[in-house]
Amino acid sequence: MEYSELLQPLPWTPPTILCLVILALPFVSFLLMATTPNGSRKPMSWIASGMILFAACLSLYLLLSTWASPANHTRFEWFTIAGMPKVTAGILLDINTALMLVVVNVISFLVHAYSTAYMKDDEGYKKYFAFLGLFTFSMLGIIMADNLLIIFIFWELVGLSSYLLISHWYQKDSASKAAKKAFIVNRVGDAGFLIGLAILWVQFNTLDIEALKVLMQQSMLAEGQWASSLGHVLNADWLTIAGIALFLGAMGKSAQFPLQIWLPDAMEGPTPVSALIHAATMVAAGVFLMARIFVLLDIHALTFIATIGAITAFMGAVAALTQHDIKKVLAYSTISQLGYMLMGIGVGAYDAALFHLFTHAFFKACLFLAAGSVIYALHEFEHDTGLKFDAQDMRNMGGLRKKLPFTFLAYGVSSLALIGIPFFSGFLSKDALLSGAYAWADVMSGGGFSFYYLVPGLGFLTVVLTALYMFRQLLLVFFGDFRVISKHSDHSLNEVKEVPFVMKSALIILGIMSLGLVWSINPLDHSHSWFLGALKAPAILTPGFDIDWQPRLIELMFSNHIEVTLISITMIIIGALTGWYLYRPGSPYAKSYFDRKDTINKFQALSYNNWYLNEAYKLIIEKPLLWISNGLTSFEKRVIDRAIDSLAIGNVILAHLIGWIDRMVVDGFVNFSVFFAGRIGVMTKSLQGGKIQSYILIAVFGIVLMIFWIIW
Amino acid sequence: MLYNHLLSILVFLPLTAAIVIALLPASVKHISKHITLGIGCIQLILAVILYLGYNSSIAGVNTIDGFQFAVNIPWINLELSTLGKLSAHYFVGVDGLSISMVLLSIVILFIGVISSWNIQDKVKGYFSLYLILNAAIIGCFVALDFLLFYLFFEFMLLPMYFLIGLWGGPRRDYASIKFFLYTLLGSIFILIVMISLYLSVIDPTATAVEYGLADNIEQVTPEMEEKVQSLLSNNQLPTDKLVHTFNMIHMTNEGNYIPKSVMDMHAVRMILGHPARLLAFLLIFLGFAIKIPVVPLHTWLPDAHVEAPTPISVVLAGILLKVGAYGLIRTGFMIIPDGALHYSWWIGFFGVLSIIYGAMNALASRDLKRLIAYSSVSHMGFVLLGLASLTAEGVSGAVYQMVSHGFISGALFLIAGVIYDRTHNRVIENYSGLASQMPKYTIFVVIFFFASMGLPGFSGFIAEIFVLLGAFSSSSINGLVPKWMAIIATTGLILSAAYYLWAIQRMFFGKFFTKGPVKEDMLSDLKPREYIMLIPLFVFALLLGIFPDILLNLINQSVTLFVDVIGNHGFQMLEK
Amino acid sequence: MVEFIFYFFCFVAVLSALVILFSKNILYAAFSLVATFMAVAGIYVIAGAEFVAITQIMVYVGGIVVLLIFGVMLTNKISGKAMITESRNKFSGAIVMISLSALLIYAIFRINFSALQSQSIIDNHTNNPAEGFNNINHLGIGLMSDYILPFEIAAVLLLIALVGAATVAGYKERSDGH
Amino acid sequence: MAIEHYFILSAILFCIGMTVIITKKNAIVVLMGVELILNAANINFIAVSQLDNIKLGGQFFALFVIVVAAAEAAVGLAIILKIYKYFSTTNLDEINQLKG
């Protein structure tokens, strides 16, 4: 029937075979690193990097060769479950996939290369590279898979590799706790993902994305019921819930409110890992997933996504304002940027969201690696001088631009990209996103004012905050005095050395990718971007979706982007000036900041503690959960077990009772009858006591009885 | 020739060996473990033959001809004058549901032998009991005659009791008696139902012979059986010509029920105001629920696991729990489908309750083995939920979970055994940072913990996801299990991640130190024998996770028929 | 007056009978037996049976009680001590006897004597005996006519009893003498 | 004189006599009890004979009873004497040859 057509196996084509090779390379690297002896770790790591480089080249070739060509799809039957259409698996290579392949492989390669220097003295060097391979493999799996089930599988696997990499320094309690937290929070999202899958499975009995698209289009929405062409009927709400549930998966992985708490903690992992996983690729998987299933979402789910995205963008930016840790700032910034992307998905700016994903991947990776360089340099400094200080605390840094000029350059370029300064990549993608959001608010509110404007409003507000915290970071790290030295005057700044070449080269490549010119011929207008030209938002196929919605959005987006650009530039200037004013070298505010221990007001505390989400979770979920668990255990011990025990004891008592009854009653009866007979004998014998008077007595007694009987 | 007797060999070979070991002179008692290992090897070879010879396109389930490797020999025949004739057969055979269990059992039992290699104490007794257990387990999975099934089912109890009670930990007396009482209680419920079924069901073939339609069993044609059944339904058969049977397959056939008997499907008898068949299902469910185990009848499990020696924990978690689930499928669901449908909401509810309750308790466990035991409770809840949904996905998922949990929980108990072997202490907080001291061990722990929490790539994932899909779709396909149960069950996945990761974090990560009675020099990394045990389980869990067809091919036909029979047939009956 | 005498005799009879019952000394018992007999004889007189009363006194007091006292003396070695007899079965005897007497008295009160008396032919004579009516005459005539056979038998019985008594009491010595 | 009074006296004497028979250890005292009982019976006879003045049946019976009582007393005493010779006691407790 229809299913056999929908899910028919599709043959392998050269591009998909290439995909398979690309997928296999990191896995082979993982196996190599996992099985080879520790002695050969250096050369093996170079081989691993080489394999990723090869994969990157292949994916670049793949991108170029499949540019603007229709999607390549290969599908094969995976397994059969009783009475159901076959469960398939396969590779779906479209433009998104090809682009993501390049991004993941390139960044992965750069991180591999960077790590050979960064991790060179680490005990777990081999383990580290193995897990990097595993991660790359899983990430590529998400990108290529044509089936939500497969995506889910790799989805969990990236969670696993993220877990393993965060807990790389497992001897540190904070690292192992962070890893655990990351995995569990991701699991929460995954549970939602699973429910989304279940809803789709119930309706369509398949999870193949291409088939789902067809089936979704065929399904009907009428009278509050959502009927699939299979005849399965659900309440229409489930259509929205399916979208939201799938988004829940993305919320977990992409650290969206309220599941963003794991990402800052994940900075416990090595910095290159943070760059690869927690900035560039894995956290973007949520965005990628949403893009994959974009056409299956309905308007309510989209609104939900946009709202959550905007809230997260704002919350992340606020939290980034007051962090001391150089990586934490970047982590919150990542959360914020991911919020932007998902807001983009939610507002229908599909292409802008993906565009931002790619630009962000590069500049954020660059930022992280640059931050890694700073940390590396300071660690070396710490090592050389024997000073003890926290190499990640920005309050200890300052003035490093002189000693780490190269790092400063990369950091500056990518910071500007992140802030969204014109001529840098971030400007293009962020503007596209904001104009999309603005257009969406216009469309949704139907011209009048409404709460929909809060979404672009939060977006613009976040621009201010982004500029503020990035300027703050730049100023704190690279300008002013090197504060460790100013505290310990017997050392000089000269002892801080620039990082090795291999690290620098990674920064170069990523820094270049942060420039606007790479992405667009006209770096002031995102609509001229070659990139956006290639990405086109697909038409949403959900039943009951307004067909005019997307064209109207695009129309408005084009018309409003000039004003959006102006607004955002104004916002950036405001943010940048505030940042400069507060944290310029020698400013009183900055001075007081370096000395104080605690946050000075409620707002700062709120920001520093990431809106107290951790505490809230502890209070609302963790504590009650543990309390209930312990309660259940003691309930089991005290109530169930005791009931069982007392049942057993009662049984024993009953047995004893029955034993007693047996002895006393049953045996007693026998004994008694014997005793009774004997007694009777004794009694009658005693009557025959030879005592005549006794006989007479009894006779008289008899007479008494007789008289008694007669007169009554 | 071999095919016909394959199952019998599988059952009676260990039994014979048990007798041989019991008769060994004390001077050569050390070879008893070699004998047991040899039997295990032979069984493995036979299992391969079984797997290769099995025709997965035949469903079995409720058709006598559909069972493969079947042997059906009269066993007990009694003339009961006016009560008719009693006939119990030695009837064994496998279909998709049971062959997976048989294969699982053989593998786990083999691994159990390797794990028992270090037993020093009362070697002869241990291994002969182990072999008796072996025979009873396989017998239970292949028996198709209720009496035979019950016999094997009860037979498992005794060696298990002694194995826990004699070779167990410090509180073994308590644990073994608790185990014994619980399961004995369950058996009694099953016995009641078995007898009432026996009184209600006839063997149409034998009755045809008895009635004079044919001279012997070979000559009986399906038409004759139909004639017997129509005569029976019209009350035209004299009672002394009825041949009562324990045959489970006959029990699934509506036509074989004596009108107005206790379990009659047409005119429902009421007992205490409840339909007798529903009560019977309830009893069967209770009986097997203890074995599965279902919260709140599970408290024997943590104690039994904690006190049992490692190999016995492995067998207990890997196979014995599955006997409960398998029995529920084979008897409860197949014979009384109307009851299964009527109570499906409750079955699903108890499944979900087990999932959450088990996970919560695991979260609060301070003992590694207890944690794993509770995780077993939690995972067996998925089996129940899948069965309750009675959708193809759900039931497949449930059967898959049974097999998958067999491998994974077996491995988990081996893992707990590794640490117990070295330190005789399983309290989680006594350890920290084991990853730096025992890196290889840690790798296996992480692998199996993740496998158990349903990480994709391992068998548990396929099982759990299909159970959840099935439970979710049940409400729109047959309306048996509401959606919220599936949604709550997914939180079980989160909780399982929580307790496993927390355990990993506490025991394996962090700075290396030990507390309490545990000394640092006790901890050495894995030994070759332990690799031999863990690697096969790892391979099986991985294979089943990546190529689910290996198992699904075996069970698909049976599951399809099973769902079809119960779904359609049961609903018809329930309406009556 | 007659009632008073009757009750007096009743009182004496019962009292002396109780002395027999409660006294430990056998001789006291024997003598109070005499008193009882005398009182009973008095009651006979009141009941209009003078001859029986005389016979009572002669036979009992003159014969039986003397015999009894002889018996007492013959069976007790007199050594200055009082002749004491113990009691036994006190409690059960008391219970049985109290209940018996209670039952008897209850039964007597249940009897409707007035009906009995009204049906009696001689009803009037009871209260007013005819003048010149002589009991002894009637008794003598009766004994020699209507009751001759019992009278003779009683005589023979008495004879046999006395002979037998003498034989029993004295036989042993002779047999010993053999 | 109401006839019940005779009956009541007779009943009381009978009971006392019976009690004497049952409780006393000495055989001769027991014999006294027997005499009391016979007297009680006689009282009844005499009382009833009041209702039958002409025929005097009660008085005749009373006379015969007295005669028989005399004979009984004679024989009884003879036996007691014999017993005393044989057992050297008249204590009935010690004479338990009839003990089963």
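Every chain is named by a letter (A, B, C and D) in the order it is written, and numbering of its residues begins at 1.
By our rule, contacts are C-beta pairs under 8 Å (C-beta built on N, C-alpha and C of every residue); 3 or more make two chains touch, one makes a residue touch a chain.
According to UniProt, the chain labels map to these proteins: B = NADH-quinone oxidoreductase subunit M; C = NADH-quinone oxidoreductase subunit J; D = NADH-quinone oxidoreductase subunit K.
As the structure is a prediction and not an experimental result, all values here were calculated from the model.
Closest to the middle of the protein, by Cα centroid, lies chain B. Spacing of chain B relative to chain D, judged by their CA centroids, is 97 angstrom. If you average the CA atoms of chain A and of chain D, the two centres end up 122 Å from each other. Distance between chain centres (mean CA atoms), chain B to chain C: 103 Å. Separation between the centroids of chain A and chain C, computed from CA atoms only, is 127 Å.
Across the assembly, chain B contributes no residue that touches 2 or more other chains.
Within chain C, residues 88-89, 93, 96-97, 100, 104 each touch two or more of the remaining chains.
Residue positions of chain A touching 2 or more other chains: 693, 697, 700.
Going by the touch rule set out above, the chain pairs that meet are A-B, A-C, A-D, C-D.
By the touch criterion stated above, chain D contacts chain C in their complex at residues 1-9, 11-20, 22-29, 31-33, 35-36, 39, 42-43, 46-47, 49-56, 58-60, 62-64, 66-75, 77-82, 84-86, 90-91, 93. On the chain A side of its complex with chain D, the touching residues are 685, 688-693, 696-697, 700. Residues of chain A touching chain C in their complex: 693-694, 697, 700-701, 703-704, 707-708, 711. Touching chain B in their complex are the following residues of chain A: 78-84, 149, 152-157, 160, 163-164, 167, 170-173, 175-177, 179-180, 183-184, 187-188, 190-191, 194-195, 197-199, 201-202, 232-234, 625-626, 628-630, 632-633, 636, 640-641, 644, 648. Interface residues of chain D facing chain A in the complex, by the touch rule stated above, are 18, 21-23, 30, 92-93, 95-100.
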